[in-house]
Amino acid sequence: MSGYEFVALSLPPLLIGIFAAVACALPGNFLLLRRQALIGDAISHVVLPGIVLAFLVTGTISAWPMMLGAGAAALVTVVLIEVIRRLGRIEPGAAMGVVFTAMFAGGVLLLEQSDTSDVHLDVQHALYGNLESLIWLDATGWGSLLDPVALAGLPPELGRMALTLLFVALFTAVFWRPLKLTTFDEGFARTLGLPAGALGLALVIVAAIAAVAAFDAVGSIIVIAMFICPPAAARLMTNQLERQIGWSVGFAVLSAVLGYMLAGYGPLWLGFENAVSAAGMIATVSGLILGLAAVFGPCRARAGAPVAD
Amino acid sequence: MIWDALTLQLGYNATLVTIGAALLGIAAGVTGTFLFLGKRALVSDAISHATLPGVGLAFMVMVALGGDGRALPGLLAGSALSAGAGLVCVSWLSRRTRLAEDAAIGAVLSVFFGLGVVVLTVIQSMSAGRQAGLETFLLGATAGMLWNDAVVIATGGALVLLLALLLRRPMTLAAFDPEYAVGTGMNLRRVELAMMGLALAITVVGLKIVGLILIVALLIIPAVAARFWTNRVGGVVLIAGALGGASGYAGAALSATAPNLPTGPIIVLAAFALFLLSLLAAPGRGVLAAVLRHLRFQRRVHLRQGLLALAQGQPIYEPLTLRLMRRAGLVRADGVATEKGRARAAKALLDERRWALLRSDPRQETAAARYDGLTPLDTLLTPDQIVELDRNLGPRTAP
Amino acid sequence: MHLELASRDGHIEPAEGISQSPLAVRGLTVSYGEKPAVFSVDATFAPGAMTAIVGPNGAGKSTLLKAALGIVQPLSGRVTCWGRPLHTQRHRLAYVPQRASVDWDFPARVRDVVLMGLYRELGLLGRVRARHVETAMACLSRVGMEGFADRQIGQLSGGQQQRVFLARALAEGADLYLLDEPFAGVDVATEKAIIGVLKDLREQGRTVVAVHHDLSTVPDYFDRAFVINTRAIAEGPVAQAFVPEILQEAYGGRLAGAQIGAAG
């Protein structure tokens, strides 16, 4: 493959995939340790009603209103889950199941009822995304990376995703200590005067932002997979939170790169003509990595239950 | 039109599908109750998403064998196999590694679903055109369904319902009191396996109607909604079955009335409407009842504390206490006790003293355990017992 | 009877002025659902003393502690520390939660947990410097755990976990230590180590308040007792508040005669 082909066709989707994967994996680590891993699943389901509503309100398919709509839907979901859990004294998993299925159903119904035939808005797109189509038409080769005119033609998703990743990484770095403290021992954190409830909500909101931005570029599947698989695999590699974050970022990048390459070139090597879904393949690769970590990871087994001596 | 649909007058296929959806709904409500009570509601989410690669692979196998890739029984068999594999993965990850079950569920559902999407794109590229229809498994579609498929669904619905009813007793025991269940010689693992198998069967039967993304709603929402109405397991099962059946019936019937009313979402929204009704209006555990009860309780606590403070001549700090007492006519606007307030305060103090005495009397242990700071003692003891108690109370200290 | 300690309605006269007390609660009611776990409790804990909070299971001991710390929201009542609102005095408080209240499978080493006690000093972004690590190690050696700094916390025994929690509280350098069942399910060596540390703290003039379940050790370990059963029953020096009549009132017939004998 020539440099031109790579830079124009593969580099942007590859970078977007990497950014999306890491942006989701970072908050995923804390969600995993807080037993809230499935919040990512819930959020990515309700993105659909969010963007459909945004479309109905604005009448256009443009990124910012849709991301706002999706963000609002994610926030509504989180609040609804909490309300149902508290008011009904329902376990969180079940409360989640009630809310995200109902909102997703509402989104599908809205979509079917509204006239979206002339715009590209459908359930499949919401689920799979379309990573392969995010190409850089202005690129002529590696040199384009230094060419401001060509750079202006980069897919806008790349910039958005890079910004999102930056934001998520900053949040994780700045609130590292409070996040770690409230995740491990919420009661103790409260006695330090840390707003444990607000921090928990902030974490979920940041996860929602990552999910919404990633969803826009790559679809729901990657989002759910990246929230859970890289952090889970990382947990099985180490017993230290700092290292777990490092492993999870590594696994997320590896999943994105390997998945994208396998989806694009794997079928060609096998003699097929068409590539397969990159989003699906990235999720699959992350699952394989988790499987390997579950079999070989040095910290895969639970520590012996503390002995009451 | 809607009336026609609800009274099953839209033709044989629609009728069969509606009946099938109702039976499926009942079975899902019943089975979902046990998943929910065992705090494992979202396992069904992993099961349903894990069906996708099976559907795709079954299609490819059937085409490779020269058959029609879209034969429903074959696709359902494939989906059952891959959902079973997903279930094994969830169980293996949460048992053998340190990962919690929710992480295992999330990993399995996203990875299997991703794999399924890969398989679907493979199918697209190898036999363009002929795959049309596999996507309907995502959201369910009953429009234009073949007679044979409708029969498969109705039969499947009846079968899973029958199974759920047969397994009702052991599942109740296993979900409610696992230790006792083991004590009676029950093999918990096998019951759990049966429960998961049932959830899997419901998912598979529901694939064509509700779709794999939303079928989980049918297993969760009716059970959660039913929980608001009663505290008895048997009652929850019954109500969940009824709510599930009603959602399935109404949803399938309504969606048959117009082309752009997809069956799955309508069924789910019907179930959600019933859930909202339960959440708000159910007596006992419903939100309205709970809010009223809490306000009443808060008022009792504050009044009682205020009265005790009055009786001891202590200042009342809490603004809410003062406000409530003013409204009840126990203190004047300036905070000084009224006649009524003094009388009630004296009575509250007497009650506290009686309680204290009661607690130090070993014979009254059962009564003393009922102490919550609020219950007047004369609602628990007979007048004779009160007189007896007062005799030991000694001289009354002036408040 | 003990009328001099608690008037018969359960309201306790402050032993000393509220303004000096490191922890005082007034009219505290906490309720989970419809039944108050703690009802209209007044309590004034004496400065520089070791006080045991005792009472039967479900009597609201831990709830009282958690409400006093602002971990659970009370239905009514106010909490003051040294006469000031709780939130202005948090930096002078250290809390040792029940061991079972956290997930010990959390990916952290012993030293990471102890460093959490230095959060106030480190802040959001402050770097962990050599002196912080030294403080943490010193706290660990005070509880006899200096050899375990790099151990994964899930690999510790129950007693060791309890000691790590105490070391974390020591790192806070507080004036008031609040402990929730510090001796529950720990080995003899740990119990000795913990009580030694607590007595040292008292020697330094700090205040210790601990929820305690083992009545037989109250007179040995503590100066004062706060007896609670939903209402406050009594508070005072062990010789006066920890006597059979009061315990009988708190525990009812559930208190074995032997235990009263040992206690009285």
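Should a chain be cited, it is by its letter among A, B and C, assigned in written order, with residues numbered from 1 in that chain.
Rule of thumb we're sticking to: a residue touches a chain if its C-beta (ideal position, glycine included) is under 8 Å from a C-beta of that chain, and two chains touch if they have at least 3 such contacts.
Quick caveat, the model's predicted, so the values are computed rather than measured.
Asks: If you take the chains that touch chain B and keep only those that also touch chain C, what is left?
Replies: A
Asks: Determine, using the mean of C-alpha atoms as each chain's centre, which chain is farthest from chain B.
Replies: Chain C.
Asks: By the contact definition above, name the pair with the higher C-beta contact count: A-B or A-C.
Replies: A-B
Asks: How far is the middle of chain B from the middle of chain C, if each middle is the mean of its Cα atoms, in Å?
Replies: Centre-to-centre distance between chain B and chain C: 38 Å.
Asks: Compute the distance, rounded to whole Å, between the mean C-alpha positions of chain A and chain B.
Replies: That pair's centroid distance is 28 Å.
Asks: For chain A versus chain C, what separation do you get between their C-alpha means, in angstrom?
Replies: Whole-Å distance between the two chain centres: 43.
Asks: Quick one: which residues in chain A touch 2 or more of the other chains?
Replies: Counting only residues that touch two or more other chains, chain A contributes 235, 302-303.
Asks: When you check chain C against every other chain, which residues touch at least two of them?
Replies: Only 105 qualify.
Asks: Which chain B residues sit where two or more other chains touch them?
Replies: Within chain B, the residues that touch at least two other chains are 98.
Asks: If you look only at chain B, which of its residues touch chain A in the complex?
Replies: Residues 36, 39-42, 44-45, 92-93, 96-100, 102-103, 105-118, 120-122, 124-126, 135, 138-139, 213-214, 216-217, 220-221, 223-224, 227-228, 260-262, 264-266, 268-269, 271-272, 275, 279, 285, 287, 290 of chain B touch chain A in their complex.
Asks: Please name which positions on chain C make contact with chain B in the complex.
Replies: The contact residues of chain C facing chain B are 7-11, 26-27, 29, 31, 34-36, 39-40, 75-78, 105, 229-231, 245, 248-250, 252-254.
Asks: Mind pulling up the chain A residues that touch chain C in the complex?
Replies: So the residues of chain A in touch with chain C come to 33, 174-175, 177-178, 180-181, 183-185, 187-188, 190-194, 235, 238-241, 243-244, 302-304, 306-309.
Asks: Please output the residues of chain C touching chain A within their complex, sorted ascending.
Replies: Touch list, chain C to chain A: 66, 69-71, 87, 90, 93-95, 97, 99, 101-109, 112-113, 116, 119-120, 122-125, 152, 154-159, 161, 168, 185-187.
Asks: Give the list of chain B residues in touch with chain C in this complex.
Replies: Interface residues on chain B, with respect to chain C: 98, 293, 297-298, 301-302, 304-305, 308-309, 311-312, 314, 317-318, 320-321, 349, 352-353, 356, 359-360, 362-363, 365, 368-369, 371-374, 397.
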